[in-house]
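Just so it is clear, A, B, C and D label the chains in written order, and each chain counts residues from 1 on its own.
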Amino acid sequence: MKFISIYFVLLVSLSVSAQTNDNDSTSLLVNDSLTIKIAPPTSVIVEDYKYDDADNLQLHWVPSIDDMPQDGKVVRYRIYQSTNNGSFVLVDSVNFSVNMKKIEGLAIDSTYQFMVSAVSKNYEAKSNKTITIQTEREWINFNLASLFLIALLITSAVIYFIETARRGKELFVRKIAGLEAVDEAIGRATEMGRPILFIPGIHDMDDVQTLAAITILGKVARQVADYDTKIRMPVARSLVMTAARETIKTAYQTAGRPDAYNDDMVNYITDEQFGYVAAVDGIMVREKPATIFLLGAFFAESLILAETGNSVGAIQIAGTARPAQLPFFIAACDFTLIGEELFAASAYLSGEPKMLGSLKGQDVGKAIAMGVIIVGVISITLGEAYGIEFFSNITSSIQSFFTVNK
Amino acid sequence: MRREIPLIITTIAGLVFAISYFIPHWPFVEAESIFGDWIAIVQAFAIWLGALNLIKVSLEKIYRKKEDAFYSGIIIVCLLVTLGIGFYDGFSGGAQSSFRDTGTTFDWLYRFIYTPLTSTMFAMLAFFVASASYRAFRARNFEATLLLIAGFFVMGGRVPLFDLALKPFTDVPYFSEFAGWIMAYPLTAGMTAIMIGIALGIMSSSLRIILGIERSHIGGA
Amino acid sequence: MELFGIWVAALLTLGIFSFLYKDNPVYKICESIFIGVSAGYWAIANFFDALHKKFWVGVFPTDGSDPNYMLWFGALLGVLMLLRLSSKIGWIARWPLAFIVGATAGLYMMLYFVSNAMNQVASTMRDVIVTSPETHLIMWGETIGSILIVIGVVSGLVYFFFSKEHKGVFGYTARVGIWFLMITFGAHFGYTVMSRMSLLIGRIDFLFRDWLHLLN
Amino acid sequence: MVSTIATVLMWIVGLSMIYVLYRTINGHPIERRVVFLYIGLAIALPLLMQKTAPVPVTADVQKLVDALDELTPGSKVLAAFDFDPSSAPELQPMGVAFMKYAFKHDFKVIVMGLWPQGPQQANQAIEDAMLDPLIAEKNLVYGVDYVNLGYQAGAEFVIQSMGSDFKRMFPLDDRHIAYDSLEILNDITNFSNIDFIFNLSAGKPGTVEWIQIAVDRFGAKCGAGNTAVQAPQVYPYLRSGQLTGLLGGMSGGAEFEKATNEKGQASTFIFAQMISHAMVIAFIIMGNIAFFMTRKKKKA
């Protein structure tokens, strides 16, 4: 008997809930004296989500009038979806005070209809149904047209300058303070009769910073060969060792003294960070180099090396692109190539078209950024200060051009 | 062929990801997902390459009886033991379990061997920072002076150090606010300039790679 | 097991710290253990989380879904990667490498440009005079800060501009730029000190609390 | 008892710094290992003193707390643990405090890691959070209230792929349970179903990648806790609004604990942190005094 009655109650409640589901804009009644009644969201609009692969729709609604953050009556909004005129099923829910939702993962050949409900702790108020809609597919994301234009401008500049450099036209690169100090530093080592220590960081040859360091090594080695100074180069990677030996050998050959070169100038220590540091520290303390170059990719070892170099009284020329290590170099070394200066120095020294061209192309990007920021800031500040709408509009249009909206 | 095939692979992979930013569409989106799967798998293999290479290099050292042959032996033993425990815990746990679960031997290894070793390695840097501060950080010119002053206020302001010294006079954490101000304005300004520079640098080097102008990663000039 | 573990951990910690006195065999042993265990950990995690979860389950699904045959290509590229171990056919490892480098370049190109260049330029363009929303009075701290941001970003870019000699007005601007960079690095330095000290605090806390029970 | 002895010793160490200054000025700087000893003591003794120091809650931290306060019970939060044990002293307290906050406010927490060690650290953080009696009595269930998706190789490509479908990168969770059979993940396809991303990051891949892809490309909302080394590098994102709130280093963790009323590890460490900063500042000043004295002598 008990079973049957439970079954009966269940059946009735099911049919009731089915009814309420079909009945638009009515509210599911819960027989509870503490019910927090709320109004449903209104003006539920569904439209195609632009610039997608026909798999999304955009849903907007006006929040329930009871949706006020202070009283927290409305807890969430639930979204119901009907596919190909089927029944409505709960597909998603969002926080209160949200009034839109991107519906994803839809198919191009189906039709869809939606309904949104506001939910309090124990009450749910449903909106009207939306119109029936299909998704559309667009080929290109025109939201990103401005991004595309600027990217195209800068990439074309890079390619243009690389081509110009290839055709043999000389591209100007400004003087770099750290590079100018190289001559003096090598001269000092020669006078004192002490060796030069060159440390190319602890990364392998696949890091651009190491490549830049090896390029600068070319210049240093050339001068070392001319002055007949001693150079020591402990490295942490075997590939770097091969490349460095090759570079120094070439420099000695160009200087016309191939006999003065020997492989012991460069030696591999170990791949292990601290093992390498301990060994280099030892070399510094024993040989007391007059000049130390710390160029390349450095990590935590930067400060240990810079400190020891400082304590033996060497002139130190450093350079890395890692912002976290730059402070230690700047505070403990005599000259520091900061970030991009390292790459600019190597482009300048090697004269390689692809490096020089990129440098110039990036300068175009920086010029655009500087110009736009100056114009934008001045016009919005004037516009706001004197209430001139024209100026404010200039900035907001530049801003919307540069903001990549999703 | 040794040069051309990698170049073509580089260009196709690069173009798919660059173009799908603007055309969120078949075939680019599909290709992007498939390539994403492959990258996850290839990178996992790359990690294994690293482990196998470590064994290879260590074995060579032992074979040649170099001075660090003993340490190479330790490396191999520890690597193999870790792999053994990991595989055992991963496979023997059965359904709904993981090699990471608390209570497994692998978790013990993680907590009591891996964790102390890796964190102590980095904790040593505290000592080196202190000694560099004492022995090498000099206000040798105007730039370095600015750097040290900024560092001074940030170090003293981000912890309650300077504000405690101010306590007898006022409860307002002026130094904390000033450190916050340095971070929010001058630091943000400098960082933004660096970031824009880096972004342009990455853009141009990516372009060179995709167009095949840059070939150092495939062993060309 | 827990107590034994804590003793092991404490001894390893002290072993690494012995490097501070000087490079010694105990440190080297601890370092070797670290290298071995670390490589093993990465390998195990990548085996179960990437290779097993992503590849194996994908091509041999257990829940009745269709196998994803495309994953075999990924595995093929991965195996080619392993050929690098051989010196004879190691060159073929450049194929998967080329794939990774190309994909990374393609992904980074727009990501960095959008997040680190375009959006930063747009967010720098703000009214530099900041007023309080309630009282409409000028907030000096924020206003000076906003002006500094504009000056700092522009002069910093001038410093990293390589197509023009640093002379005259341009030279002065670049000098201001380097000042901003120095403050930036100074703040970095302060934060780095904070970070390093925290790590040491963590270790010493472990020794005192878990090992020696001096703290509760 | 221990704390009294530590306090006395701390005073002795502090006073002995005068002698160090005297030696430094006279051109006999102390040896590197003595500096090591000093900094070791400047951390060990304050820890034994077991003191705390009051921290003010700064704007960056408050921003994160405000964003979390806006979330309602049942909100889906993705917690990405992208660090390894070497940064745990800084980031683990943040992780624990965040888990406590999330569980107390009945968020649904989805954990993952782009570093293989991340999910393991997350397990520890969850374990620690569960010790809180208020959370323990909730009897939270794995797979319903929280889930650990584990690690996936591919770094930023993992985030990129998750932008269209989480399941693609995580067909199984950390315990090898199928994505579809986990209740918590039933209505989660991608970032548009996630209310907030909380990222703990010690480097790359980390906060920068989450911002570039999840936020800028897929429109998610993200707050972060960073190691102090990395924190300065993400400040521009904070100003532009790409990042919603930032906890920087140990002090960020302590401020977060204060703002959420959870007394945790970071708060107990902040005193030692403070003294160690004082020691480093003292060393810099001493070094520079000596530097200027010798320079004057040379000039004269």
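Methods note: a residue touches a chain if its C-beta (ideal position, glycine included) is under 8 Å from a C-beta of that chain, and two chains touch if they have at least 3 such contacts.
All of these numbers come straight from a predicted model, not from anything done at the bench.
Looking at A-B and B-C side by side, the one with more C-beta contacts is B-C. Taking each chain's centre as the mean of its C-alpha atoms, subunit B lies 16 Å from subunit D.
The centroid of the Cα atoms in subunit B and the matching centroid in subunit C are 4 Å apart. We define each chain's centre as the mean of its Cα atoms; on that basis subunit A and subunit D are separated by 21 Å.
Multi-chain contact residues of subunit D (touching two or more other chains): 36, 39-40, 43, 86-89, 117, 150, 152-154, 157, 160, 169, 174, 176, 216-217, 229, 232-233, 236, 239, 248-249, 251, 273, 276-277, 280. Of all residues in subunit A, those that touch two or more other chains are 151, 274, 323-324, 327-328, 330-331, 339-340, 365-366, 369, 404. In subunit B, the residues touching two or more other chains are 21, 29, 37, 39-41, 43-44, 47, 98, 110, 114-115, 118-119, 121-122, 124-129, 131, 133, 135-138, 140, 143-144, 147-148, 151-152, 155, 158-159, 183-184, 187-188, 191-192, 194-198, 200, 203, 205, 207, 217. Under the stated contact rule, the graph of chain-to-chain touches is complete, every pair of chains being in contact. On the subunit A side of its complex with subunit D, the touching residues are 75-76, 91-93, 95-96, 101-102, 104-105, 323-324, 404, 406. On the side of subunit B, the complex with subunit C involves touching residues 2, 5-7, 9-18, 21, 34-35, 37-54, 56, 68, 71-72, 74-83, 86-87, 90, 98-99, 106, 108-129, 133, 143-144, 146-155, 158-159, 179, 181-200, 202-203, 205-207, 209-210, 217-219. On the subunit D side of its complex with subunit B, the touching residues are 29-30, 32, 35-36, 38-40, 43, 53-56, 58-60, 84-89, 117, 119-120, 123-124, 127, 150, 152-155, 157-158, 160-161, 164-165, 168-169, 174-177, 217, 232-233, 235-236, 238-239, 248-249, 251, 270, 273-274, 276-281, 283-284, 286-288, 291-292. Contact residues on subunit A toward subunit B in their complex (touch as defined above): 51-53, 137, 139-141, 144, 148, 151, 154-155, 158-159, 162, 205-206, 208, 211, 274, 300, 303-304, 306-307, 310-311, 323, 327-328, 330-332, 334, 339-340, 343, 354, 358, 361-362, 365-366, 369. Those residues of subunit B whose C-beta lies close enough to touch subunit A in the complex are 21-26, 29, 121-122, 124-125, 128-129, 131-132, 135-138, 140, 143-144, 147-148, 151, 191, 194, 196-198, 200-201, 203-205, 207-208, 211, 213-214, 216-217.
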